[in-house]
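The first chain written gets the first letter, and so on, giving A, B, C and D; residue counts start at 1 in each chain.
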């Protein structure tokens, strides 16, 4: 099972709506089950450096089938996955990357959001992911 | 002058409509005046390798303010720009990248399309670019 | 709004003057609003490794519209942006990168300085940025 | 012997003057004897893609102590240096890169120019290089 562009656009629109609701400017990326980029938007005046980070968060979430923030807990100094960020051309392991599941609970892709605090990034990503179920 | 997300989405939607009209499956990317990614879509079942190519075409068009195919004519063996593709982390110089101008003729970004023949790629990119003027 | 070469040269000259005043040898880079390199100088005998760092500091400041040192506070182990340096092909998040604003307060680019202590790097960058306002 | 920043700035100013004289918009880079970037300017509205190319031309000229166009003659299909552009992280081998010599004929650096035809690029680079002797 793989995410469709229609589902990716649903996720992006839901995320964009949530971003506006909480007065943030976000970069939002959706990848498919193969971790390939399916859709992306950069809201006007959002951080340019977050164009790359949003995409890396989406990929990182799908690479390990978990929220990026969960990986970040394990990649700290002394942690079991210390400096895992060096793999795969550069991972981002702080919150804002969330897997997208279909109604049956299959992971069909992931969404990555960057542009505000990590709490806001995660909240917006969650809104996007939930809109697809 | 820089492209807005609304303009980028107009371009992508026009390109998507044209892609469907000619029965192709495209990857479509829009960059701003600074060559940063603003919006992207991958149509279902389009080539995965073209996700990257569409983005490089958009950047290449903006980098030199001309259609990518024009650069490709000059980068052939014996041509004045032979192997220019090695610059900027990798250019794509065959057709499918087109600058986006505003109503006053200012270049505000570029669109890159990849997924079919270069003729079709260019046609779809052109449709996207023209929708913004 | 985007920085001009004349403004970039003003910033670099002001930074160079400050660098000499405090007896340091600096690398100084200015990027535009799109994070593209506009001007650069390497003072004689300044560190060679700082040629790259100065450019990354300028880009990092513009990528997130804040001083690089602010990002570095958040990217420490346990911090909310831990290992953000892996994004965008490699960020530099210690002090020495400062946004450049025009007289109206619009961010039109950024300056990055590297070659001494981070305190000196920041001081020199600040001098450059302020000369443009 | 190594180029100084003062000499590099002399070369860049001479090149800039020549660029204006022939109505072109150039990116101009100077590297030292170690092929490290010493000074760079991007003239307003010059091609963004040439920021990278100007630097690669300067490096390529110094890497092999010859004009970039000379290398390009040898890197064609069937040539003795076919596809040498793949080395050193990406070379540019069409005209516009010229070595800088001091009054005694020692190579102390190189200048790379990009933004117009390769003939104009070479002409402007030559003007810069000659201003240092």
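Everything that follows uses one rule, which is that contacts are C-beta pairs under 8 Å (C-beta built on N, C-alpha and C of every residue); 3 or more make two chains touch, one makes a residue touch a chain.
Computed from a prediction, not measured in an experiment: that's the story for all the values here.
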item	value
Graph distance between chain A and chain C, where chains that touch are linked	1
Mean-CA-position distance for chain B and chain A (Å)	25
Inter-chain centre distance, chain B versus chain D - centres from mean C-alpha coordinates, in Å	29
CA centroid of chain A to CA centroid of chain D, Å	42
Residues within chain A bordering two or more other chains	48
Every chain pair meeting the contact rule	A-B, A-C, B-C, B-D, C-D
Parts of chain D lying in touch with chain C, wherever the complex brings them together	4-5, 8-9, 32, 34, 36-44, 48, 51
Sites on chain B touched by chain D in the complex	34-35, 59-60, 62-65, 77-78, 80-84, 86-89, 91
Chain B-touching residues of chain C, taken from the complex the two chains share	32-36
Residue ranges of chain D touching chain B (in the complex, touch as defined)	47-50, 52-53, 56, 72, 75-77, 83, 85-86, 90-95, 117-118
